[in-house]
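You will see chain A twice below: alongside chain B first, and alongside chain C after that.
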Partner chain A sequence: MSRTYVLRRGLQAIGTLLVIVTILFFLFRLGLPDPTVALVTEGLSPEDRAVIRERFGLDRPLFEQYVIYLGNIVRGEFGTSFYYKAPVAGVVWEKFANTMVLMLVAIVIAYLLGIPLGAYLAWKRGTRTDTVGIVLGLMFRSAPMFWTGMLAVLLFGVALGWLPTSGMRTLPYEAATFFHKVFTLDFLRHLIMPATIIALFYLGSPLLIMRNTMLEVYGEDFIEMARAKGLRERDVLYRHAARNALLPVITQLAVTIGLAAGGQVVVEVVFSWPGLGREILQAVRTSDFPLAQATFMLMAVLVITMNFLADLLYGALDPRVKLQ
Partner chain B sequence: MRPRQRSRSRYLAQAFAPLRLIFHDRLATTGVVILGTVIVMALAAPWVATHDPRAIVERAEGSWMTWDEDAWRVQPAIGLEPLYDLAVRGGEAIAVGADGLAKRFDGRAWTALPRITEATLRAVAAGDTGAIAVGDGGVVAWYVDDEPRALRLGDADLHGVTLVDDGRSALIVGAGEAVWHLPLAALEAGETDLEPRTTRLASPVGRGLLLRAVATDADGSAIAVGERGLALTWSPDAAPGGAGSLALLTLPSFRDFNGLHVDPDGGRALIVGERGTLLRREGPDARWVEDPPPDTRALRGAWIGNDGRAWAVGRNGVALSFDGEAWQRDVTGTERHFWAVAEVAGRPLAIGSDPFVDKLAPPSAVHWFGTDHLGRDLFSQNVYGSRIALLVGFLGAALVVLIGANVGLFAGYFRGRTDTILMRIVDVMYGIPFEPFAMILVLLFDPSLLIVILAISLLSWRTVARLIRSQVLSLSERPFVKAARVAGASDLRILYLHIAPNVLPLVFLELAIILGASIIAEATLSFLGLGPPQSISWGGILHNARLSGAWRTAWWWNIPPGAFIMITVLAVFFISRALEVIANPRLRGR
Partner chain C sequence: MNKSQPRRQAARWLVALVAAGLLWGAAQAQEPIPTIEILTTTESYDAIRYEGAFIIADAWRELGFDVVVRPQEFSTLLQRFYDEQDFDVTILGWSGRVERLDPQHFLATLDSRQAGLGANNPGGYANPAYDALFDLQSREFDADARRAYVQQMQELAAPDAPLVILFHRDEVVAYNATRWTDMVTMAGEGLYNEWTPLRATPLTNDRVLTIGSPQEPDNVNPLASTSVWGWKWMRMYYDKLVRLSPEVEPLPWAAETITAVDDVTIDVTLRAGMTFHDFTPVTAEDVKFSFEYPIANDYAYFRPFLSRIGRVEVTGPLSVRFHLTEPVASFITVTLSQIPILPMHIWSAIDNPADLNPDEIPTIGSGPFQFDRYDRGEYMRLTVYPMHFAADDIDIDAMEMIIFADSEGVFTAMQTGQIDMTAWRMEPGQIPLAEANADLVVVGVPDFGYFHMTWNLRRAPFDDVAVRRALTMATDRQRMVDVLLDGRGEVGSSVVAPVNAFWHNPFIERFDYDLEAARAALEAAGYTWNADGRIVAP
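And now, the complex of A and B:
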């Protein structure tokens, strides 16, 4: 992998981001109602409206707003949320952390379970175990998460009363920092249900990819070689085949993490998780341009970065792949 | 002609190759069967559905509930006719209802009495010799063991009946302030028309108001109540054999009175009426007092016991009880309308119900998946929901594949600048997170079916384009493409007649994958309340369930739509898995 390749792909990623930011900026300005209409209560006089529009810079020409906006992004300023009346960065950062802690836990569980299970299914290929495993994996993938989430709330939250059904912590609570909020038993109890629901949904992907690549690897000569050396089937499976089959799973993991911030809006809705997904839904509904833009940009940045990383990983891990 | 024919048959063989793959795979065959069933269900929705999915279903039935230990329990309905009144005699009760329905209750089970009239019976009183019921159109039904018979008293509707003169006469009240004094001997006379043998008493009010109920007091007199706070007392004549006389009774309320009960031993009495009206009398000579109601809906049936405990029932499943000090509302968990309540064999029993909205009803023989918070049939909603899912799924997938395949074909065939531009666009698309973008797009425009389909397909074609492009890149180096070019075929001809058939199996695979994704995406948008308005979809049903708040208890509302989504998408996954062999022939050996 040459340095020029990395550089070129890096520039491309930045170009992609610029295009997305531009599309979003104009999409929001042209598609959404004026925030002074959407956000402020009725009965605002035209004079007051003009004052507010001036304060937020909404009275300037669209193109001028765009240039100011780009300049601010480069300086790392994302403006003030119309709704929270607070700097966007702070709001988004908190919600981002909330979403990521949920999504990362879920993804890690899914991959830790999915990879060995996929390898196991490949080993048992063609048997009843294999079929049951595939059907289960596909079932979790085809069941919408808002549905499984609702059923989980119904069963474990309401009927059995084992787990809390909404939010990140039992209210009221006080936490000085994000870590104070997260490193508690109460948080763990709130995390179990949503994380499990997301993990089950994501489980199918590593499971099936792992199984399929294992089958491909099984056809390779070095596996025959390992068998010929008289290794146990288990050792052939986990030491030789699995390691080589991991490659597509790892790149898939990178892509999945990239998509995590855009996350699972429905899960956040069902479990009232104060995350980024619910935030963007509300920001768009209230025409909160700065918040919606920053949120979406953060999601896009993560997607683009992780896609980029997946590409690099692919080249770095598999010497057969030549990137140019 | 011949080479052309051959090429066409090869074209067909290529196109149908996926079908062979599907039917060689057991899971894929299952998938085809399931998906086919769902498609048939969507097409035949009006015939499959048992109800109009949008209609609020009303239902009448012979409802009854009993007080067990500490709560009302609704019992399985007895028949389809609503029950209107209840009379107690010893440990037995007699209930009458619509279309001449009459039933006897022995404390445990109901037995039918002969149906001797088609008219609706509104009230019943039970005496030593038999039970007398009155109803619409002046019908009087006389239930005696040997020969029950239906007779007639005028043609106005009769609403109340009670026995006076130590059980020798009946006092009947009804529309037009009618109060009739009927000696029971007249019932045995053998004539159908009772009017000549009955005395109509003159009302002291004379405004033609409707009298709804009448009850015998402890001292042998009687009280009749009706609309607009009308209350009359009937007193027997000093000499036996007379019809008695009426006097006005002033009560502390002017609301419509619906029901009345007097305890014959202690003389306690209770009147119930509209807007939670509760009038109580502690003894035969005590004053009537108005109790503050715990619920302000219409009350229709009243019962008060010797110990001062009382019950009142009414519309929409309202049931109140009085413990001697205060009224409280009891949970019945039903929307049924109750008409009467009484203590039978020491246990309170309430009856109803004229047509009521069957809200949040659990699954039953009529509503297979129960009903929602507005009383709409959920099975029918689920059946109709398959239409939106499949429509959006198939249209979305077709659009995605159409765009994606063409972009892939052009980029892969023309290469150079075309390829660069198209692939940079695809790169940008890959940088956009799908779900938030689709949500924003639907929010930006007025929600409609078209915008939902567009939101789903606008990004999804990126994968198809990349996949087809890489395939076309290698295909266009093949000898048959070069041969076609040498033969002078145009670019478009080569693209669509020579290359396209070869990527067709791949297109089918993508079609299947995108179909599953589209169905889930549509359900997701609908669940978030962003679906096409005024349409019924599986995601929308779950959205309603969440919005109504009833989803935390109504399991029958939550389970079916998601199960339908899961089964449909699973079927599509089964099919696409079999097709994956096309894209990756190394999987063939599995």
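And now, the complex of A and C:
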């Protein structure tokens, strides 16, 4: 992998981002209703709303708004949320952290379990274990999370009373920093249910991909060779076959983490998790352009970055892959 | 060829053209009334309005109208209705906020001067007599005289069927009766009103009232918040000159006396000894400042209440005089009960208060509670301000609000005992479950807000009063209340709700559901039906 490769990919990423940012800007402004329209129900007159639109800068020509917007992004300013009247960066960062801590835990669990299980199922192909594993994986993959989530709330929260049903901490516990909020046993208790629900949902992907790729790898000559050397079946499985079957799973993992910033809205709703997914939904519903633009841009940055990392990782994991 | 031939030719052409025009016109007359589009909310936003649209459409189809129901995302629905007036028929609603018990706001929704784009009368009803009465009532200081005007307006509008008031939906809320008693309910506000925290008595050692809500303030900046959820919270730590009692009577609060010198001059004397939460005394200067500062800073949310204040004069350390530009009937009940008293010594130093960052927003008020904490999206908390004149009567130490993603989360928290009461109405499906729970008490309060179906009077066939009357008769509102609301509500008749008994006129035309009468009314107005059974305009 050469330095020019990294440079070229970097420039590509910036170009992609510029296109996305432009599309987002015009998409929201041309596609969403006026941000002040909901104020009618609060009794505001057209004149009052005009004052507010002016304050938001929406009275200026669209192109002028676009130039201002681009200038602000370059300076790292994302503006003020129309709805909260607070700097977008602050709103997004807090919710982003809340979402990522939930999503990453869930994804890590899913992949830590899914990869070895997938390999194991491939080894046991055709047996009842294989069938049961596949069916379970597919079942959790296809069961809607609001449903599994609500069942979990009813069972473990309401009926048994073992686990808290909402939020990420027992209030009024006050945390000085994000780390104080997250590194407590109480947080862990709040995390268990939503993280498990998401992990079970994500489990299917690495499980099935790993199993299928393993079956392909099993047919290769070097596996025969390893067996011929007299290695134990477990070593053949995990050392030789699994390592080679990992590549597609890595791609999948990168994409999954990239999209994680959007959160899993239904899980955030069912468990009242104060995450970014709910915030995005709210921003689009209230036509909060600055907030919506920033959140979608964040997702784009994350997806682009994770894809880039996956490419680099490919080269490291498999010397046959050359990046030019 | 003689001279008159071209002229005869022209005459022949003319006759042919006229004949063709007449034939075309006759064919047109047989054309049925074009498809009527009913706009409503999506099922996920509000299943009741969504289902209601289909009930209405079914009945109208029986009359020979072609009807489609088009659910819209909520902001889009608002935009098409208010800002674009691009609709045939729209189903929407007005929430019953406590200041709307004064009939001013709802009556204005039929004022022709509100029929412009973005204003409150998108249907476009125009009746000069109605408008004239509206002006009279809005300036009438004498309640009984004003009431006569208000009732006359309702009577005047009803036969024109300017819109259909579908129903008033009861606010059904719940609290945990093993932990709390003396809870207060208020029309339009349910349990989450100004009085519950002041009067609630704990039955356990836990003296913190925990409220669960699916909504939260947009922000807690008293110069920038534009949502009722902002003010429902801020009104607990900012005081007001008047608070509306649980029976919705104006009660002098921070004011000791309120005297109307004449109908444009109001004298207010403050209670002695009040302080802000930083122990600075509350003075007449603060009151004057509080009424002028929002206008100076273009705070739109309060403009309707403040627009007719000419000036505020300080007449003593604890007394002010309001000079109005014209008589305002709702000045004491609405204006004085809405505007918060802000500490001048803090806010006067702030130039652009609407642009404050959340962590810079002052939270010092003079109300019975003081601001403690706000974690956006999660939690808010107020503690009792012990120096407040009402503090001795308050039996709790603090009130807190836990914010949930939706009403399902709130309901689960009610069941597990995590919260003590709901801030917002329960869904129809949750109510029987709550009633079955021995710990919970379910309370239903009639609403004076309403759900309405508004037609666009600028468009045919709704420009014809006969059609509007017939379609109103073909709208089975009782069924909606019985089926969609499980009986928890009341069929609507006027923009002023029956629960608002002082202003409501119970003797206006009601249009009970009657498809046959509707058909007869259309026939009498000259409507016919073509071979396909579709209705044809006269």
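In this text, the second predicted complex is superposed on the first by the 301 of 324 C-alpha atoms of A that agree within 3 Å, B and C clash if a C-alpha of one lies under 4 Å from a C-alpha of the other, contacts with A are read in each partner's own complex, and residues count from 1 in each chain.
FYI, a contact is a pair of C-beta atoms (placed from the backbone, for glycine too) under 8 Å apart; a residue touches a chain by one contact, two chains touch by 3 or more.
Just so it is clear, the model here is predicted, and its values are computed rather than measured.
Visitor: Identify the partner contact of A:Leu163: answer first if only chain B is touched, second if only chain C is, both if each is, neither if none is.
Guide: After superposing on A, A:Leu163 lies clear of both chain B and chain C.
Visitor: Considering only the touch criterion stated at the top, classify A:Val153 as touching first (chain B), second (chain C), both, or neither.
Guide: So A:Val153 meets both chain B and chain C here.
Visitor: After superposition on the shared chain, which partner residues are touched by A:Leu136: those of chain B (first), chain C (second), both, or neither?
Guide: So A:Leu136 meets neither chain B nor chain C here.
Visitor: Of the partners chain B and chain C, which touch A:Leu231 in the superposed model: first, second, both, neither?
Guide: A:Leu231 contacts neither chain B nor chain C.
Visitor: Touching A:Leu259 in the superposition: chain B (first), chain C (second), both, neither?
Guide: After superposition on chain A, A:Leu259 lies in contact with chain B alone.
Visitor: Pick one for A:Arg285: touches chain B only (first), chain C only (second), both, or neither.
Guide: Both partners, chain B and chain C.
Visitor: Applying the touch criterion given at the start, work out whether A:Val91 contacts chain B, chain C, both or neither, answering first, second, both or neither.
Guide: After superposing on A, A:Val91 lies in contact with chain C but is clear of chain B.
Visitor: Taking the superposition as given, does A:Ile52 touch the first partner, chain B, the second, chain C, both, or neither?
Guide: second
Visitor: Could you say whether A:Leu70 touches chain B, chain C, both of them, or neither, answering first, second, both or neither?
Guide: The answer is neither, since A:Leu70 touches no partner chain.
Visitor: So which bits of chain A does chain B touch that chain C touches too?
Guide: Residues common to the chain A contacts of chain C and of chain B are 32, 150, 153, 157-158, 269-270, 285, listed in rising order.
Visitor: Can you tell me which positions in chain A touch chain C when the two form their complex?
Guide: Result: residues 32-34, 37-46, 48-49, 51-52, 55, 80, 83-87, 90-91, 94-95, 150, 153, 157-158, 161, 164-169, 171-172, 174, 268-274, 278-279, 285-287 of chain A touch chain C.
Visitor: Using the touch definition from the top, list the residues of chain A that touch chain B in their complex.
Guide: For chain A paired with chain B, touching residues are 12-13, 16-17, 19-20, 27-28, 31-32, 125-126, 131, 134-135, 138-139, 141-144, 146-148, 150-151, 153-154, 157-158, 212, 215-216, 219, 259, 261-266, 269-270, 277, 280-281, 284-285, 292, 295-296, 299-300, 303-304, 307.
Visitor: Quick one: in the complex, what on chain B touches chain A?
Guide: Touch list, chain B to chain A: 27, 424, 427-428, 430-437, 439-440, 443-445, 516, 520, 523-524, 527-528, 539, 542, 545-546, 551-553, 555, 558-559, 561-562, 565-570, 572-574, 577, 584, 586-587, 589-590.
Visitor: Going by the contact rule at the top, pick out the chain C residues touching chain A in the complex.
Guide: Its residues touching chain A are 73-76, 78-79, 82-83, 94-95, 105, 116-120, 218-219, 221, 224, 226-228, 298, 300-301, 303-304, 354-358, 373, 376-379, 381, 400, 402-406, 408-409, 412-413, 415-416, 418.
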